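Okay, so here's the structure we're looking at.
In order of appearance the chains are A, B, C, D and E, and numbering begins at 1 in each one.
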Amino acid sequence: MNEQNNPILEVKNLRVSYHTYAGEVKAVRGVQFSLEKGQALAIVGESGCGKSVTAKSIMGLIKAPQGEMKENSEILYHGENILKYNKKQWQHYKGGECAIIFQDALASLNPTMRVGKQIMENLMGHKNMTKQEAAKEAVEMLRMVGIPEPEKRVRQYPHEFSGGMRQRVMIAIAFACDPKILICDEPTTALDVTIQGQILDIIKNLQKKNQTSVIMITHDLGVVANIAQKIAVMYSGIIVESGTCEDIFYRPRHPYTWALIRSVPRLDLKNKQELATIPGTPPDLLNPPVGCPFCTRCSYCMPICKEEMPEATEFGGEHKAACWLHHPMAPKVEMPNLEGGEL
Amino acid sequence: MAALTPEKFKVIGYTEEDANRIDRPTISYWQDAWRRLRKNPIAMGSLVVLGILLVMVIIGPHIKGYDYVSMNIAEKNQGVSSKYWFGTDNLGRDLFSRVWVGARASLIIAIVATAIKLIIGTVYGALMAHFGGWVDEVLMRIIEVINSIPSLLLTILIMMILGNNLFALLVALSVTAWCNTARQVRGMIKQLRETEYVYAAEVLGAKPLRIILKHYVPNMLGILILDTATAIPMFIFTEAGLSFLGIGLKAPSISLGVLISMGQQNMDFYPSQLLFPCLVLCIIVMAFNLLGDGLRDALDPRLRQ
Amino acid sequence: GCGSSGETQVATADNATAASTSTGAADSAAPETAGEVDGQINLRAVAFGNNFDVQDMGWRWMMGECYEGLMRDVADENGDRFEYAGAESMDVSDDGLVYTFHLRKDAKWSDGQPVTAADYEYGWKRLLNPEYGYSYSFYLFNVVGAEEYYNGQGSADEIGIKAVDDYTFEVTLKVADPTFQSKLVATPLYPTRQDVAEAAGDQWGKDWTKCVYNGPFAMTNLVEDNSMTWVKNDQYWDKDNVKLNQVNWYCVAENATAATMFDNGQLDVFDAAGDYIAKYDKEVEAGNMQTMTTEYPGTMVLCYEQSEGGKSGLMKNVNIRKAISYSINREEMVSAVYGRYTAAYGFVSPAITLDGTSYRKQALETMKKEYEQYAGDADKLKALFQKGLDELGITDKPEDITITLLSQGSATENQLEREYLQQSISQNLGVKVELNTVGDYQMFANERDNKNYDIFVGGWFSDYNDPLDFLNTMKTGVYDSYGLYSNSEYDSLIDSLTGENDNAKRLEIYQKLEDLLVAQDCGVAPLYYSDKHYYYQNWVKDFYTSSFGASQELYRASVQK
Amino acid sequence: MPKYLLRRFAEMLITLFLIATATFFLLEAVPGDPLTERASKLSPTVKENLYKRYGLDKPMMERYVITMKGICKGEFGESVVYAGQTVQKLIHDRLPVSARLGIQQVLVGITIGLLLGILAAMRRGSFWDYMVIALSVLLISIPNLIFGLMLQKIFAGNLKVLPTIGWPAGKDLWFGGWEYTILPTLTGCFSYIATYARLLKTSMLDVINQDYVLTAESKGLSRGQIIRRHILRNSFIPVITQLPMSVAMCITGSFFIESIFSIPGIGQYYVTAVNNQDLSIIMGETVIIAALYIGVLFITDLLYVVVDPRISLTGKSR
Amino acid sequence: MENNEKEVLFSVSHLKKYFQVGNHATLKAVDDVSFEIYKGETLGMVGESGCGKTTCGRTCIGLYDKTDGQVLYKGTDVHALNGKEQFAFKKQVQMVFQDPYGSLDPRMTVADIIGEGIDIHHLAKNKKERQEMIYKYLELVGLNREHANRFVHEFSGGQRQRIGIARALAVQPEFIVLDEPISALDVSIQAQIVNLLVDLQKKMGLTYLFVAHDLSMVKHISDRVAVLYLGTLVELTTSEELYANPRHPYTQALLSAIPIPDPKVEAERDRKKIRLEGEVPSPINTKPGCKFQGRCKYAKDICRQQMPELKDVGNNHFVACHFCDALEENKEL
């Protein structure tokens, strides 16, 4: 928040498209955010809004020819544009500086390689360890993420692990080289709440210990509340609102954020009371609307919304929201009551 | 940028219609696959080539007006000329006409053999998957035995038992080929049987026949089409191989295989007699293969969205 | 023996124990490794056999070089002639019944043992032994007691075959037979060592390492389907005249491969066919190689199924047979299909001699006259065919009639041949000709014996030098394989030859027989006379082929590089 | 494990038994018998002798029992067509030759095929990809025989760098005379190249899209490391599945190669035997080839386990 | 809801469903489960992934054969129906599947998918009526007529799930098993579906078995909630009671672990969360005794020997724990 510490990661005007048989899928359309050291940023938004693509872009995993990173996109790591990296720099950056945990741990672990080796691979690549050192370190890593009997477990294959343990292995791999940035792409969606808690604890502890910056991608607002300091709300390839955790949860400024927060059932809600919903379905990224992408589902839609994309309005601090409602000419609209009813 | 006027800032809200709108045009699975295939220049190229081949196979033999059986000893072993576009063979027959007649026979044999393979394989595979248990075991063992016997032995023996005729040739060609289809169909049905939409149909009270016709068959078509696209070139090629062993079509019937095996024996002297049939064979096989590749992509559910 | 079409060189033959020279230099079954011995020749065979039993006549082209009988068919620039080999001389009793052979005393087996009359006696009696079922047993049926023994009625001791002493061998015939002498060069009448044969037991003639040889060469190595090596037999009585030290045989199935090897000088001799002839003729003209063509006692004929009329039921009628025969332009066929051979209008090959002159020079091809009336005239041929149909009372139109041509083999020549015949017959007669094509000889024989044909191309390759060898094949019951031609007049004419010693008379009867068979009855339709056509490298000298001995005569050949 | 092996072994035996039975009756169904030709010139008594000698005079079922008993004892009897030829002899003389030819073909073919497959998969949609497709179609469309003869003409005929025909024997049987094996191996490996290139390409493309490849990439591994450690092994299952077919093919399918290069292998003899209806030899060779095939199937199952730890031997078969 | 004379629609007693996996292993997906479903209510069923919720639901409606126990629907045994009865039963009992992507045949149009049930049970007299019915159900679930001729892959997840619901409704059932109908959907869509379901229940008097692992949603929609752990029922009571007063240690942990979408509350709660040790054990060849023993910090010897019975602790509250009373007292401490 303070000017004195430079952001460790800055994403500017990130645009990514996928070329499919049906046409160009504009998955990410100008995403912009920054991340400071030790901070946890949550990116929330519904399925298909471009969260994972953003994460993959930061990891340099967008692959031609299907994937295309548009010109002028910038991802600055310590002020340096990683998109201009050469092969060597990339190899150092990936895994060494920045690590990622994917949602489906089973699919993300090589089924034919021993778990220990998958961790060692990272260690040997980035820390120049010998095989023996790496093997020892791998055991330590497993112990650190709370896997019992790590000496035995390193010699097993991923399918011999339970879901939670696999995710912990993923965490171990990601943390193996003390990355400065950790991206978690929905790391707990596939897990039970009891295990989910364990995993989040591990991530939080490691983050604190190593001063790692975390980008947590999820659509579970509960998880966000638990872990994040900053939140970016994404919709249809665009960050529609961003700000600190308090900003978003207590002072949201974008109708989508309103709807999102309200549609989550709370334990204190009355039984079978009607939930707040967002009607309809998200727009198709193949031909995204010219105007605000949320306009087709927004109760406060105005003619202007359908014609033009709103600029981000700042609300002090880092709190920004892109909505025409904050234009001086727009009618004043307050966030509706959190309880029930359609927006 | 259009001027910002107050009218533009009137809250109008959304309509259900807009919210639930689907922008994409209505297309069926097959239209979708076709659309994807059409975007694939290689596959479309193959399709065009196959179209041309099909036309040539029908009209090719008549273009030059030479009959493909009558000999003309005086003009044997001619090279490429305006009179004989592909030259003549060692009995003075027009190779251009012969190549297309041969390609026709090869294609027909391949298509019929593929049909046999598909039908037997599908029925057999469906039986295995449907009955399961010991029926499955026994039928699987039969496939195993058939696969373990060298196919050359089977082919030759079948040609010996049934005589050297078209029927025997077809049987010999498809005798082992259907095993693979059967396996695939079995696997596919076993997989489909566990899909939720089949459970859903069952919950609705659908009878087995309905499930087979409405759910299994349409969902297997992709695999079967692919199977066809790969089987046809394989059969053309296998039939050509049999000609080298002296079994296969009888003169005056000719296939590409017969032409190639005749051409091979003259390749030192009249390479065109080998070159042209080989070329046509390669083009056919290549076209079907590339089309098959294209189909695989077009029908691949993972590539759809 | 008989063949269907083309020649298949698959062989069978014999031999004896402890091969003296099996120290095989060749570790590798590969051509060039066999160390550079001076005076070696490299030859090609399409296929190897593995029967070394002389009595079985299996591997004739080998037997002539590694074994030796009483006489030898020797070829040189003047053609073939029979010379004494194992025998030094022969006495024939005045009634022509008793033959006494005086054996050469310096003849030895490759293990150093002398070749004695007992070896001949054993070999000949072995030939007749019914247990073995040799196909050529009938060669000796004219010997006293032989046929009886073969049929299980007599004993071996009663046969008129006797070793009088070590070097005198006596044979007693039932009736005088001028063709007997010409059979003496044939391998079934070669000697066999009793001790060696019995030691080998079941393996006799099957395992070459158990053989002994008495010819100019001895086998020292054999890799099935690959190569075979002979070296000069230094026990051979005439070894001084044998100039080659080693003979390498390679099994090369493809003509193209053989041509490549020949072009490279890896083969010294190449028996070309088809388009290779034109190619190498040019080389010969340019002086780059030599060529040689010799007659070979074989005739290819079209056979008809005459016992039941074949699948169409028509083949019993002579006019139909003639119409088919005359619709084939033999000259064109020979040039278009084979590029060699001679058009045939008679059954007996020109290579057969009678009294030292070619039989064909003495006997007309009587069919030719009638053939020429019809040749190339489709209307006349159709009329002839129609006449046949009328005689049979068949009212079907020719276009509704299907004639089945049985054929075999997938070489170009085989294919061209059957397509040529199919085209010729169907174009000239307006009938449909269906091909019944089978992959190989075994199946061909099956189809033939099941009478699944109307016509097929067969051939006869003579085993001994007498027209009778050809003509006898068509006698009722001798060979069922030739379309079951049967004519009592023909049979009695053949019988009348028994005991006929006068060659002039015999010639007369032969002519009658051939006229009856070919011209009048059209029992077979001759297509072409076979020949041997070789190209060989300039460094090969004195290379000949003999009609009744080895196909490639290496006895006197030499290599001068 | 021993229990599993035992069960597997029993299953193999049953399959072999079924194969032998099927072969026997197939051969019975073929019209005619191997002695027809030989017997046609013989007198009835001699003919009878001959049939008796080979046991062909007995009724079919009796012969079936005798044949099966023989197989149990490992005796297939003597060739009816080529006197003295036995299956034992074939195994002793010819099997090693075929084995070396086959092994070399398969090894070279698979190696080159896999390399091309990797190339095509990694450069999907590029010139190289299409070159590999075109090459593999070309290689499988043109019969072996033609390739063989062309290679012979070029390398042995024109360039004279390699021998035309032949095959190492004696002490070179396994590890010598390489120059003789080059052309036959090359000729034979073409079809494997084509098959495996396409197979590996397809399965690699499947694997490349897997999440764990992304994981590997996000570790900063180099392309080569990713291919080697993560992609290849996981794309091997279809390749392994194809193996038994290739092995079966390389024995009987070498017919043309053996014939043009005069290689005394088992393939050439097999075709001859089938054509001649040489009962005992066909039975013997078929059982051997089938046993080999089944054996390779077993090895494949072991390989599956080696390649993919998720598959267990004793568990449900795939 | 308190009146006890409610009509029992489903009565499940000691239901067991084992799967044979591999050669000799038995997977006890549902192991001795008993409960009742009353007409018109929504019974929620929660538990972690793989604990047997789907299996239980499917066995109840006869989609799977049972291994042991009994399922009575209106007093008749579901697994002993003959062909005709079964057909009639299938009209009354329907299911909505977990995966909106996998449960709709990709080769069929929406009209055909919804129409399938209508065709099977001959609910429409003619084509036109069928068409009208399809439109009716489409609109009922909030889609419109023009969607009828489309193929499922064109729809978003939420729309697909609505199609699935329409398919189930089309045969006019009385009872619907909702097998995690929302877990594959976006948060913003989940509420749509839940609202729809509640709405339909009110309109049509449907009875639901609502399977989910999202406890907040389950609490919201259910009258009573059953908690499954590794194939056994550990707790069953009304949703208010369950959330206010969880008695089983597993339920307690579960409830405390639900993240609350409110940073302040979450920060507060974080310290009080019950952290379960260890992993969910495999349902294959389980040990005797309480299935939760391995992760339960209160576990004693008896837990390792004896499976606790589901017992009434009053207030319509059933718990299967040897120490639930003791825990009740300890809670305050």
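By definition in this document, contacts are C-beta pairs under 8 Å (C-beta built on N, C-alpha and C of every residue); 3 or more make two chains touch, one makes a residue touch a chain.
None of the values given here were measured: they were computed from a predicted structure.
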item: Chains in simultaneous contact with subunit B and subunit C; value: D
item: Interface with more contacting C-beta pairs, comparing B-D to C-D; value: C-D
item: Greatest separation from subunit E - chain, by CA centre; value: C
item: Whole-Å gap separating subunit A and subunit C, where each centre is the average of the chain's CA atoms; value: 90
item: Distance from subunit E to subunit D - Cα centre to Cα centre, in angstrom; value: 55
item: Whole-Å gap between the CA centroids of subunit A and subunit B; value: 46
item: Touching two or more other chains - residues of subunit A; value: 279, 281
item: Multi-chain contact residues (two or more partners), subunit C; value: 256, 439-440, 443
item: Residues within subunit D bordering two or more other chains; value: 31, 145, 149, 153, 275, 277
item: Contact set on subunit A toward subunit D in their complex; value: 56, 59, 61, 65, 87, 90-96, 99-100, 102, 104, 107-113, 121-122, 125-126, 157, 159, 170, 173
item: Contact set on subunit B toward subunit D in their complex; value: 42, 141, 144-145, 147-154, 156-157, 160-161, 233, 237, 240-241, 244-245, 260-261, 264, 267-268, 274, 278, 281-282, 285-286, 289-290, 293, 296, 302
item: Residue ranges of subunit C touching subunit B (in the complex, touch as defined); value: 255-256, 259, 274-276, 279, 332, 335-336, 409-412, 415-416, 418-420, 422-423, 427, 434-440, 443
item: In the complex with subunit E, residue positions of subunit A that touch it; value: 46-47, 148, 162-165, 190-198, 200-201, 219-226, 228, 245-246, 249, 259-261, 263-267, 269, 271-279, 281-282
item: Touch list for subunit E against partner subunit A, complex; value: 48-49, 155-159, 186-192, 194-195, 198, 213, 215-217, 219-223, 239-240, 243, 253-254, 257-263, 265-266, 270, 273, 275-276, 278-280, 282
